[in-house]
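Here come two complexes built around chain A, the first alongside chain B, the second alongside chain C.
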Partner chain A sequence: MKVFHQHGHNFVWNLESFTKDGVGDGHILSPVNIESDKISQRMAKNIRQVSFFDPQFYLPNDAAKKLETYTFFPKNILSSFSTEDMIEQSHEIAHKCLAFQKDLNFKYSVIPTRYFSELPEDALEQLTTIFVEPFIIEHSRINDAPPLLLTVIVKPIQLENELLRSELITWITNYPEIKGVYLIFDNDFYTKQIKDPEYLSNQLIFIHYLRLNGLEVHVGYTNTEGYLLSIADPTSVTIGAYENLRSFGTTRLETRESGTQQGPTPRIYSGKLFQWIPNTSIPPLRRLVPDWQELFDDSPYKEYLLNTRLNFQRKEIYKHYFTVFTRQITELPSDLTKRTSFIIQKIKNALENFEKIKSYNVLLDSDSDGSHLPSWHNAISMFNAETSK
Partner chain B sequence: MAFKTEYQLSKSFLLKVNYLFNSMMDFGLNSQSEVRAPGGIPDYVIYRSIDNTIHYLIAIEFKLKNWNRALKQAFRYKNFANEVYVILDKDQSNSAVDNVGLFKKANVGLITYDVNDEIEVLNFPTPDKPFSNEFSRIVASKINSAIVREDEDLPFVRTIRGGYKLSKLREHKMLTKQ
Partner chain C sequence: MKIFNDILSICTDVRAIAKGGQKSVSSANHPEFGKVVIKHGEYRSVDSIERIKREVEILKEINSNYYPKHFEFIIDAESREFLIIEECINGNELSNVSDQFKNESEILDLIRELVKGLYIIWSKNVIHRDIKPANILIKPDGTPTIIDLGIARFLDKSSLTRSIAARGPATPIYATPEQLLNRKPMIGVRTDFFLLGIVALELHHGFHPFDPRKVGNHSNIVDNILNGIYLAPNSSDDIFTGFIEGVINVEPFQRFRLPQDLANYLNIKL
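On to the complex of A and B.
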């Protein structure tokens, strides 16, 4: 299983992690954060060849930030956003977008999608007409274009509702021209970790069925649950720096008035806890828990993180996470049965570590404790029950 | 009858506390509400300040309900406080009272207060040094509206002596059952 860097603000940290620390297998580019003519300057050809470009048509009528530098972005081509207009220009958009990806030597040709806040009944028909068919046709007209990946945003209802789920899987698997899926799970959880075992097991089931159909599955915008998702054998999961790169949302793709915002609490990733620990919990750990440093995995950044005044803009926070999480993925057994047992054991170890913290009277809040881990465990059982039917 | 809002609870309680302070002015106490601190904003801090340096700090969190959340919030304030308290509306405090052991283990104070002005202290925490010098400095600079230099000595992060005089407050009849 591969790990891709999910680019966003300060993607240079991902590039440094990749080139200097040897972390990750490639990158998913974010055009909202880089001008079109800067890509080849910032990323060497050999890096682009193992990476792919997400055209980010999620909000096609808002060419926010650097999206305005991409000639094929819908807002830069269309005068209106009526379905008729979109259909009329869809081939031009598709051709330019695919040629751009090929010319820059990316590993895949990505078919974009748009974001629906509320899923319309004809969502799949719209996506077929505006994106899928024009992109497949134009792809066939470009010599040696890299293989196609279809971007799919999965709404919670499409995971919960079996009918909608099979409709979506049928739609995805209907196109033999497509090599794989760039899968994005859209959710509205207000917690930092996903704690709904049913949702998690449905994610696993969804990935599993796509894999059974012979598709590559690249899961974007994953947080620590990417580790759990490995049970369904996706082709790749992602590592992203800020929270908005570890959980999908359209806010960062919207044009907004700039203003001052309170930065989030800096958090340090612990692979031994499968959790991000806020810097405000470090002092009590230091004072009350013997060998507390052992709760954090080794990395070139650990020493610095545990002994320095942090703010959330410190790149070491994220480079530490990239290093540790990728190592965790690399250590997974390739045999899926062994992998499942291995992960279950790691979850148990993490729960024991949380028990140890508790036994020394250190209190962690619900966004930093181990309350997501029993859900992981249950999700595995539910997934196993479903797939062994 | 219960308090309707957290504001009502805190305002009423603080009136009572201010009365207590007035009778104990010689302790050199100061107070401030809603100090923006790392990891949260305590509803109220009481501190002893000498020569613009803080010698002792108590952080208070008021909650009408959800004592568990309040406990965790108050625990975070131990990064910069010598004592922390959760103050709950007595009418909605049964579950917290049943779990007073958790407050004792975490060394977090628990007080209930009701509309009849009755204060009951269920757990007095042991005075302690704050967990973090760094966070203590940040809070000190917020309170004193001045930048506290890295190397500047802050007595309250080095000693709990300041707690001696303050601990006398605990003997006040308002805080003890008659």
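On to the complex of A and C.
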């Protein structure tokens, strides 16, 4: 299983982590954060060859930030966004977008998608007409174009509702031309960790059936649950710096008035807890818990992080996470049965670590404690029950 | 009736085969084409004539012994009539010659032939959607001809089925769950795979595999199809049982994925 860097603001940290620390297997580029003519300057060919480009057509009528430098972005081609207009121009958009990806030597040709805030009844038909079919046809017209990845955003209702889920998996697997899926789970949780076991088990089931159909599955915008998702054997999960790269949302793709924004509390990733621990919890841990530093995995950044007053813009926070999380993925057994047992044991170990912290009278808030881990455990049980039917 | 009468006037040995709804089917000897089938009827909507046009177009494109040859298509817009002339196949409906396909090996050989035939339309992004014994004619040499592309789904063309329709085009007792629920994005080659499974299992059992009297419930065939309740094969032939398990599944994504996957399983070249 691979780990891709999910690019966004300050993607240079991902590039440094990849080139200097040897972390990750490739990158998922974010055009909203880089001008089209800067890609080849910032990323060498050998890096592009193991990476792919997300065209980010999620909001096709908003060429926010640097998206306006991409000639194939819908806003830059279309005069209106009526379905008819989109259909009429779909082949031109597809051809330019695919040629761009090929010319830059990316590993895959990514078919984009659009974001629906409310899922229309004919969503799949719209996506078929505007994106899938034109891209498949234009792909066949480009010599030696890299293999196709279909971007799919899965709405919560498409996980919950069995008929919609079945419809979406069937639709995805209907196309023999695509090699895999760039899968994005949209969710509306307000917590930093996903604590709904049914949602998590449905994610596992979704990935499992795509894999059974022989597709590569690259799960984008994953947080720590990327570790749990490895049970369903996706081809890759992602590591992203800021929270908006570890949970999908369209806010960062929207044109907005600039204004002051309060930075989030800096948090340090602990692989032994599968959790991000706020900087403010470090002093009580230091003072009250013996061997507290053992709760944090080693990395070239650990010492600095545990002994410095941080702000969330410190790159060490994220490079530590990239290093530790990727190592955790690398250590997973390749055999899926053994992998499941291994992960269950790691969850139990993490829960014991949280108990230990509590036993020394250190309390963590609900965004920092282990309250997501029982859901992980139960999601595994539900997934196993479903797939052993 | 003018276009119909014009054709009849030049044909001999005209015999009515079937009549129902807005369409009649006759056999005849045509001076140019020989033994033919003449389909004549009225169309009531733009969609219905579009469906007929698509069937004609695909048959015109195909030159294969697995399908009847198409000879002529006439539309009279004034009287809203259409007329199709096709090759008359010298064959029997599968249900009338089912005793030729008793054991699993014979059934699988028939399925292999049908897969080869269907691949011709699948490769043109066309799904038959109405595979059933009445639409499979067995010729004297035992090979099948597939007929009636009247409700075929052309994946490259816009759907002619209304999304709000409760049920998609199908023969209900020879339909897949996705057809019965009118889930259009789920229609694909795997729809035809499922239907081949019903045909194979009906030959194997000698009755419809979703028949409530045989599966032991008080439901009906359509509900049993929707719920995936059928009588599994009573067979020690692993290839046959594996084929059934790989095609008869409520979820299309749990069937064989691609024609090539099915062909590989059945050990045939497409």
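The criterion applied here is as follows: the second predicted complex is superposed on the first by the 389 of 389 C-alpha atoms of A that agree within 3 Å, B and C clash if a C-alpha of one lies under 4 Å from a C-alpha of the other, contacts with A are read in each partner's own complex, and residues count from 1 in each chain.
We adopt the following convention: a residue touches a chain if its C-beta (ideal position, glycine included) is under 8 Å from a C-beta of that chain, and two chains touch if they have at least 3 such contacts.
Just so we're clear, the structure is a prediction, and the values are computed from it rather than from any experiment.
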Partners on chain A (chain B, chain C) - clash or fit: fit
First (chain B), second (chain C), both or neither touched by A:286: first
Chain B versus chain C as contact partner of A:265, first or second or both or neither: first
Three-chain overlay, vertex chain A: chain B-chain C angle, C-alpha, nearest 10 degrees: 140
Contacts of A:278 with chain B and chain C, given as first, second, both or neither: first
A:312 touches, of chain B and chain C: first, second, both or neither? neither
Touched partner set for A:361, first chain B, second chain C, both or neither: first
First, second, both or neither for A:133, with chain B first and chain C second: second
Partner chain(s) touched by A:304 [first = chain B, second = chain C, both, neither]: neither
Distance in angstrom between the closest Cα atoms of chain C and chain B, superposition on A: 45
Of all residues in chain A, those that touch chain C in their complex: 121-122, 124-125, 128, 133, 163, 166-167, 169-171, 173-174, 176, 209, 212-214
Residues of chain C that touch chain A when the two form their complex: 156, 159, 163, 178, 181, 183-186, 188-190, 251-254, 257-258, 260
Residues of chain B touching chain A in the complex: 38-40, 69, 71-73, 75-76, 78-79, 105-107, 130-132, 134-135
Complex interface listing, chain A residues touching chain B: 265, 278-284, 286-287, 309, 361-366
